[in-house]
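Per-chain residue numbering starts at 1, and chain names A, B and C are given in the order in which the chains are listed.
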């Protein structure tokens, strides 16, 4: 009896130790999130001690290197917005169209082949896309523009936007395909039985039903585009440029972060610290997009009582 | 059809046409996406395939003291501009390693200059008029030839494009990913085990869950900011090192491993656990001896996918300085290193045309590795897929 | 029976799911402004037959149909007949209520607008009201027309689906176990509604509920393993069936 008890105690202790080790491991994900938040936040605060917070969000002059440097990030945000918009203009119709074809028209066998094939696009390293954008797409755009008598920059927003769009296609198509497939068949039958054509059924019944999921996929795509770095570092410009002309060079938040942190400025100079202010803006925006996106997908799951997506 | 029939409806023609149009729109989006993939891969193959070969020139080399002192006198002066400086600089070392060569002459194949290589591959080249006629002469005599490009696989980065390779970046990638997996694997699997097997449904587990989800959605470059601020500035770990790069990537890979390991654990049926408890085993024993072994193939699959993901990552590594010029392979995780994608980034920014070819070739190598890894993951999943 | 007007005439109808012969040479005449009930054990082909009448089976790729379904003198399987126009004329109500995730108003207005039966505006409003009234649900939803149709109770949803079907002004309404997912009170309402609707429409309904068939159907067809065993006036089928199999089924000896 005595041995039995001591053994039990020993086992208990071991169980507890293991359990706490597991909790510790799990806590690392939280530490990481807060690590990112605080490391960015602290340096960003350092930056805003030196430079105006208001001007950062409203100013249009970004001159980090010079004396009396100014940090108005508006043109940087604008460039980020433009390139993201171009990317989504490419990725959304093509991604959604592909998703509709795979889920509504293709046979299940074809779908099983097509979907992973599209997902290869998501597995290609972004540095490879960057190379493609800079070496192939950008010169092509310059050539085409010249042919019609327009001048385009070798660092045009269009080149990086389009290539970024290609990269984002699978993010849109995969999730959209999932949610469209999850729309119950009874709705399609109900519409077809009223004498609707297949396309009318898809456009008027299926897509609206899957809308929360599609919006969620879109937000995820936007978040990807905002945070994408290599494509723009390699193919977009460095010059903050407040313009609507997508053939001009523009810069993005991520490009300026890389630029600020790979230079040889002192770490606590405003030029370097500005990277953290930009990083903070990026963190907050992508976090919000992600939270909204997850909420929407949860709503969709609840609506159609799906357990896994 | 009879116009009086109740099934006569001329307006349907238009609606069917629109329906067809819609179908073709969706089909063409799919075709366009796949076309992008095709064009893209083809472009890489076209740009990179010429790097499989490299130009060599057959010249007479004189091994003597003078050439040891000055590599420029190894060959006839008129060939100097046609040959790779970096390759010529190696000749004195060969002599020192093999003294019997001393004071002999020998006709050998020497690596050509990158411009000669570009000329041979019919790209744009810049060669002086005199050098060009020498080259044409050599070519006529069959003294110029393209051979398999071993240098690309056996050398590190170099300032002379013809002499640069991906070996040091490859080693850097292995070291970095070793750190990544050593950290991310145990923590990721432990987190998954905790969430699936031990945690109760409460605010804490929910909080963890949301956290892991968000972690997966944070732009990768922000992990670089964390690496810079915490590992380098706070902990003082060496900048550019595989250690810092690996630790940074570990945090990024974590959510991928957690999510897929959880799926693997969840697929182990409850009956297995109940059988364990019925035998009087403790929870830890059941999980350790029965659940994890059964989930292991699935866990491995997730880890391989995470690994492939980390392997292609560039942005955070640039932030922690892993784009340094690294000609020699690093031998420890504390040394400055670079990784394959970062090497490609560096080359892509070089002005010489020869680097473009090497970048594309490097991309093909990187993609091959990634495809192999992903195929392995798919294979593992298929092989160990058990229908419970 | 001579006074009955034939609405649908089915001739030698055969149907295969791939190799599986699901309907074996059916011949049947279905009458105008009557409720015809299709009964029979599970898997005997009632739904399959029903779907032949509005060509919903065309949606299943493995299906092959032979024979004729003549509606108002036109074989709907003729080459020049568009299956979409068939479905427009032959409405269908399903076992599970399946309102679209749109407002109650849009649920009803959707198809008529697409078919060009009405234009947006007051004529559409009128049609929606009229359809909802005919489906006996107007009083319950008239104040919440903008609310989603999915928020209604099961019975209300089913009546909404009926309203949506009659808004297209079909000739025939097919119903596949329309009350089997509903509670008794909702069922009663639907049954009353069907009796009301048959004045204007021809109704063909599938049911597993013998009492229901007896209560509402004028004609009853008994199916077994893809064959039409017996088809007659409901009273006859229930009181004095000609076939042993029918009697066995109705008395609950198998099924």
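What to note about this one:
Keep this in mind: a residue touches a chain if its C-beta (ideal position, glycine included) is under 8 Å from a C-beta of that chain, and two chains touch if they have at least 3 such contacts.
Values in this document were obtained by computation on a predicted structure and should not be read as measured data.
Shown here, the protein chains touch in all possible pairs.
Among the remaining chains, C is positioned farthest from chain B, on the basis of C-alpha centroids. Spacing of chain B relative to chain C, judged by their CA centroids, is 61 angstrom.
Centroids of chain A and chain C (each the mean of its C-alpha atoms) stand 49 Å apart. With centres defined as mean CA coordinates, chain B is found 21 Å away from chain A. Touching of two or more other chains is recorded for residues 197, 200 of chain A. The residues of chain C that reach two or more other chains are 84-86, 88-89, 114-115, listed in rising order. Contact with two or more other chains is made by residues 12, 15-16 of chain B.
Residues 11, 14-15, 18-19, 21-23, 25-30, 32-33, 35-36, 39-40, 42-43, 93-98, 100-102, 104-105, 114, 117-118, 120-121, 123-128, 130-132, 134-136, 166, 169-170, 173, 197-200, 202-203, 220, 223, 226-230, 233-234, 254, 257-258, 261-262, 267, 275-276, 279, 282-283, 286-287, 289-291, 293-294 of chain A touch chain B in their complex. On the side of chain B, the complex with chain C involves touching residues 1-2, 5-9, 11-12, 15-16.
Per the touch definition, chain C reaches chain A in the complex via residues 54, 56, 59, 84-89, 91-92, 94, 96, 98-102, 110-111, 114-115, 161, 164-165, 168. Across the complex, chain C meets chain B through its residues 71-74, 76, 80-82, 84-86, 88-89, 114-116, 171.
Across the complex, chain A meets chain C through its residues 184, 186-187, 189-197, 200, 204-205, 208-209, 303.
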